[in-house]
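A, B, C, D, E and F are the chain letters, set down in written order, and residue numbers restart from 1 in every chain.
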Amino acid sequence: MFFHTGKLQFEAKPERPDPVYARRLQELVGGAAGEITVTMQYLFQGFNCRMPGKYKDMIMDIATEEIGHVEMLATMVARLLEGAPAQVTAEAVGEDPVLAAVIGGMDPQQAIIGGGAALPADSNGYPWNGRYVMASGNLLADFYANVAAEAQSRLQTARLYGMTDDAGVKAMLQFNLARDTAHQNQWLAGIEQLREDGLADTVEDSLHEVEVTEHAATLWHLSDGTESQNGRWAAGPTPDGRHEFGVITQPQPLGEPGLAPPPDPLLFATGPTAAQ
Amino acid sequence: MFFHTGKLQFEAKPERPDPVYARRLQELVGGAAGEITVTMQYLFQGFNCRMPGKYKDMIMDIATEEIGHVEMLATMVARLLEGAPAQVTAEAVGEDPVLAAVIGGMDPQQAIIGGGAALPADSNGYPWNGRYVMASGNLLADFYANVAAEAQSRLQTARLYGMTDDAGVKAMLQFNLARDTAHQNQWLAGIEQLREDGLADTVEDSLHEVEVTEHAATLWHLSDGTESQNGRWAAGPTPDGRHEFGVITQPQPLGEPGLAPPPDPLLFATGPTAAQ
Amino acid sequence: MFFHTGKLQFEAKPERPDPVYARRLQELVGGAAGEITVTMQYLFQGFNCRMPGKYKDMIMDIATEEIGHVEMLATMVARLLEGAPAQVTAEAVGEDPVLAAVIGGMDPQQAIIGGGAALPADSNGYPWNGRYVMASGNLLADFYANVAAEAQSRLQTARLYGMTDDAGVKAMLQFNLARDTAHQNQWLAGIEQLREDGLADTVEDSLHEVEVTEHAATLWHLSDGTESQNGRWAAGPTPDGRHEFGVITQPQPLGEPGLAPPPDPLLFATGPTAAQ
Amino acid sequence: MFFHTGKLQFEAKPERPDPVYARRLQELVGGAAGEITVTMQYLFQGFNCRMPGKYKDMIMDIATEEIGHVEMLATMVARLLEGAPAQVTAEAVGEDPVLAAVIGGMDPQQAIIGGGAALPADSNGYPWNGRYVMASGNLLADFYANVAAEAQSRLQTARLYGMTDDAGVKAMLQFNLARDTAHQNQWLAGIEQLREDGLADTVEDSLHEVEVTEHAATLWHLSDGTESQNGRWAAGPTPDGRHEFGVITQPQPLGEPGLAPPPDPLLFATGPTAAQ
Amino acid sequence: MFFHTGKLQFEAKPERPDPVYARRLQELVGGAAGEITVTMQYLFQGFNCRMPGKYKDMIMDIATEEIGHVEMLATMVARLLEGAPAQVTAEAVGEDPVLAAVIGGMDPQQAIIGGGAALPADSNGYPWNGRYVMASGNLLADFYANVAAEAQSRLQTARLYGMTDDAGVKAMLQFNLARDTAHQNQWLAGIEQLREDGLADTVEDSLHEVEVTEHAATLWHLSDGTESQNGRWAAGPTPDGRHEFGVITQPQPLGEPGLAPPPDPLLFATGPTAAQ
Amino acid sequence: MFFHTGKLQFEAKPERPDPVYARRLQELVGGAAGEITVTMQYLFQGFNCRMPGKYKDMIMDIATEEIGHVEMLATMVARLLEGAPAQVTAEAVGEDPVLAAVIGGMDPQQAIIGGGAALPADSNGYPWNGRYVMASGNLLADFYANVAAEAQSRLQTARLYGMTDDAGVKAMLQFNLARDTAHQNQWLAGIEQLREDGLADTVEDSLHEVEVTEHAATLWHLSDGTESQNGRWAAGPTPDGRHEFGVITQPQPLGEPGLAPPPDPLLFATGPTAAQ
């Protein structure tokens, strides 16, 4: 069960409105690597966690914080839209090219649908959706997904940081950058903890006995660039310590030609019943 | 530019058809962590790579391999559907409950749309889409995304391995598990290589000077579970070596109440113009 | 079965082209609260209506009218796009900032895909989809959904009315506003009629005996704003006349901690088999 | 900012697993009228509310409660999946038709993706998305949308109540039914309150002066059913008290034929330049 | 403007309910090649047609017919669902494997959302969406798209014809097959008519002067199958009469290596600034 | 299995950056008729082809070429984005309306997500998805779909050709136009070849015996335009040579009124149990 306070985790006060930037900021609200994604991803990981104790508690701490990040960003977007041009005559646009450009760069749905506010969508107006969520029940796989999510999120925040000179927006993004750093480190520390606790084995070890060892550490040289053999990934021990990397420089297919089976007559697929 | 040979990278020969399993295998074809995702993710990362040389070459080697994995899986799905019940009378169903169950468990679109073949969709028939792709141009962030993708993919492959006893299917999945292991290790090695080459700095260091240090390593205790302070993420140095972890046990909001600004009259949002 | 006349229900003649506005008007064509939504929603409600007679007839009257609204709007969009800039050289843009702004504010797909015409999509280019449709077979629930759809549609029409000074566009929107008002009133009257006819009982009454009465009229005070107890929703009889409103000012969870069950070993979820 | 307690708002304890029902229950988790929809809809309405005070406080109370409903349902789904068949051989299925049927009726992604847990998707595996959210900033329009959402949600809950005989599931659904009733009444009371406070005028009155009065209360008889004139919607005063209903029994189009304008040669649309 | 009669274009009376088939029939309602697609595709082609006269009239004749096809199919689906199992106890399922299988094979949303009726979605429950529509304003390109749509639709109808032995369903599908044949022929005739009227030139001729002739009729032999040179597409005149087909048996890339340009420092893409 | 060379099939070198055009070009990358669609459509048709030999070989030749077209376009997009404005202060925008307009017309996700590169999405930022793919296993139906895809693709390329004056971009589009022409002719030749080989019969003939002949060649005159009887589609032999076209000038419904059956009480649909 959840509780709420009306105060924001951090201030969300722009110096001035900027409706074009308000559109861009939607990426952090409802983009694939935005705050709704991490909120829902961590909530479902927490709900689906099968162990009471420190992992579940930590996931729920962070998940609950992320709901508040959606709140901060939504508030910021609404404030950036204050006074955005709503009534626009064709004449006014013809006389004021900057006004015209601002209108062109705005998200029309923030006005038409939201009344001047954030939407659960990204910077191209595409709605957030549940397929962004990685919550597998396997904490090791999920913590890697969380590291990746924070990395993309921090990168996008850094890009948006450079797209404004509004001190209020920058202050909030500086807070967000710090929180992304904190969370990314916490998920990395979580991976270390899983190893310490022997909980990384479930996924990493259990099926290694069945996988075909000879294919578990090779690079198939399938593109003609000649440099791929010169990286860390081409020789030496693998990071998981199980194998030695190798390169197959002249790869040959191991299988026979692939061919779909003869068609079922009732399905009217074109099949091997006539001259070719 | 690409070339193709008709032979498969590895055999895709089931012992016998299994239309219910053919539906499940769609997850590896067109699911969020399936082969189309890694194909397109690595292709776009390769296309968008801004440096000739070993990174681009390695990404393109692996990306090109993944197209062939889609081919193997699509071939396997079509073969698992050979002889699947297409003509079904209500009477036959009433007399043969196993037949009835098989029909219930099949993906109807594999027959109606594909004529007995794989589709670019997942195990619930939801089509693959481009928002699954993480290709940011930042190799460090993207390699983390690739590690995460391989981890989820290997996990799902392992789950599907346990859902069949067909030796031909299992053989192919064993190959796939090995390739996932190889690729995951290669992306992890790629992260090491980026650090060695000084290329991890662009994203990790450049904006650390602006982020608010005091918020970059703390866990906000926002859920009442009492164990979250006992993990690796709560004390000691952070994995990136920049900070010491800490816990805020009684977190207080740092911001004032969030409130959207007064409404624009032309947008007819309900606003502070009347008694409350 | 349907018939068509080439004449529009109402004129759709703009005074002059306005390609930026043509993008915005897409919201009324293919947005979540646009004309395709009400067309398909009412058609499916009508098709699925289980009673011959006045309800089905009325729903089909209105549904059939809505198809014609899509026609009016699509015609208006095409006319607003007449003469829109299609051939644009970089030089011309550099010399004419208003032209540049117009191009920036246009929907590129109206030109590239539609050849200068409306698309079944909203103002951000997101395609209309069938999950917008509420058609449950329960007329009471559906008429509420229809009231809500007309309310959002009227609101968006009013917002778009303020975004243009084209008399021809305004004239059509005035007609649309009137029809939204008419339809909203008709759905509200339909709710009254259902009550008169004893048809509201199916959904409202039949399961009230099983719901837990003590939880059927309380506000759980879960956010720290102090004013929520001062509204109509916090005290006095409920609008349906069944209960007295109340507030739980210090809400406590009624359940035990939620925890997912132990994992199935074959699914490789992280589980309670190791130290935490 | 938000806080969380690990205890559920209400118990979510099924008597026994039921994986087929676990799929159906996804509709209440991530369907168009499910708990994620009302959570996100009310959160965005609250974030976007432009008045401090009782409305915003009430919306945030209910929004915060709804997050906990997602938690209850996700927990219930995971428990219903305990012991669901994960390892299934073709032989076992051939021998046990009920097992075969259960597998056919399950959501494969709950196992393959979630490891035996709920997903942010509906009962057909379609992911929740942000276009379900109605948050316009106009409280009257939004409260109607909320009434509609609760009505559909209650209806779907009632349908699911009849699809199980598990006392634990039924107990939770009885709680949910009560909360839907409470919330629906609260939104209806909110509409009354808005009228009392003079806040319903913004949307209802402000543009009535421009809409074409003669079209604001008529039913166009466009379908040949003869009964539509006999309803409450065809005669008498309109519910908003502004008009008298009427019927146009022989409706004629008011506009001229709709025709898209001549094509731009650069867009290669087929146009009026040749014989027809 | 549109009109409606309550009578169906053709009977939609199944002999008996069949809820599993009712799910499959959704493909013809809301699938990519289903009736909603052709309805919306032809309506938008008609609305966007820039010439009064025979083309627009014919398109609108067929478009208007298609709305009635959605009606027939929706009615059939509802009737196939009559008496479908709604209340299902775990015990009953355990005792009746056929009942269990039927439940597994049903579309749960037809019951939970639709109350036992059709939905605007396909046989996997994926909603119809507007990106299925091809309406370019160029009648030649669109008539080809219509031929393709009717071909896929007829094929799917033929597949569904073989999946039932219900005489009432088969009768309706026989009518549908005939109408698909009629429409496919009419679109092919429309292509002939466009050529006769000199209206095919806009798309086929106008840019042929700029395309690179030497690349306009060759097959690049990029896959190692050796038979592709033996088809009609490899030698002889092209169907449009403009070229002679040829095969490039040893294709070489014409371009230099593709490489994304140096990164913008503010976007933090990994770039050529360090050792590789 | 696939191979890759780093060289592009054709040069992708713009004369100068043009970020607004880079957005438009996304339509050819990830639009419904873009290169990802034809890549995936032909790959799945090839994978699912049930006959070894010339058809499968030809399909795989063309499919493999199309992957390289995605590569060319993605490279072009990245180069068009070189130097695109990333850091934009509100002041700079206020002073430079052309800069403002350029920003307004850009795809924000190309910068925020891609770091200045192409995305698997269309010109409105909507992601490519698998429902665009037509791969039915029936080569005749699929070759018609391929003709239609190439026609729309060529048309969109021609439109984009007119939207730029960059000689480098135009050169690449001229190559693309030629390849679209080649492929469209090859699919048309493939249809001829299927007829020659007797492989067109499966779909065209096999169910003609069951379709209702009297409905297989008539135009139902359902829209009041009077010219539709004057086309090639209204009289004379049908293109498939089976029928004579005819027109039903006064069409009457052949079916009785459509009505959904009585509701299941457990589903709470409004039904015929009370006065109407």
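Keep this in mind: contacts are C-beta pairs under 8 Å (C-beta built on N, C-alpha and C of every residue); 3 or more make two chains touch, one makes a residue touch a chain.
Nothing here was measured: the structure is a model prediction, and the numbers come from that model.
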Identified repeat of the C-F interface (over half of residue pairs identical), from A-B, D-F or D-E: D-E
Per the definition at the top, count C-beta pairs in contact and tell me whether E-F or A-F has more. E-F
Geometric centre distance via CA averages, chain D-chain C, whole Å: 10
How big is the gap, in whole Å, between where the Cα atoms of chain B centre and where those of chain E centre? 28
Any chance you could list the residues of chain D touching two or more other chains? 1-9, 32-33, 47-48, 52-57, 60, 63-65, 71, 74-75, 78, 86-87, 97-98, 100-101, 103-105, 111, 113, 115-117, 121, 124-127, 129, 131, 136-138, 140, 155-156, 158-159, 162-163, 203, 206, 222-223, 225, 227, 253, 257-263, 266-269, 276
Touching chain F in the complex, chain C uses residues 1-6, 47-56, 86-91, 93-94, 97-98, 100-101, 103-105, 107-109, 111-113, 115, 121, 124-127, 136-140, 194, 197-199, 202-203, 206
Of all residues in chain C, which touch chain A in the complex? 16, 18, 20-21, 23-24, 27, 31-33, 97-98, 100-106, 122-126, 156, 159-160, 162-166, 222-225, 251, 253, 257-263, 267-272, 274-276
Which positions of chain B touch chain F when the two form their complex? 1-9, 30, 36, 40, 43-44, 47-48, 56-57, 60, 63-65, 67-68, 70-71, 74-75, 78, 113-121, 127-131, 133, 135-138
Partner chain E, residues of chain A touching it in the complex: 155, 158-159, 162-163, 227, 266-268, 276
Using the touch definition up top, name the residues of chain E that touch chain F in the complex. 5-12, 32-33, 46, 52-58, 60-65, 71-72, 74-75, 78-79, 81-84, 86-87, 111, 115-117, 126, 129, 131-132, 134, 136, 138, 140-141, 144-145, 147-148, 151-152, 154-156, 158, 161, 170, 174-175, 177-179, 181-182, 185-190, 192-193, 196, 203, 206-208, 210-223, 225-228, 230-234, 238-240, 242-243, 245, 253-264, 266-269
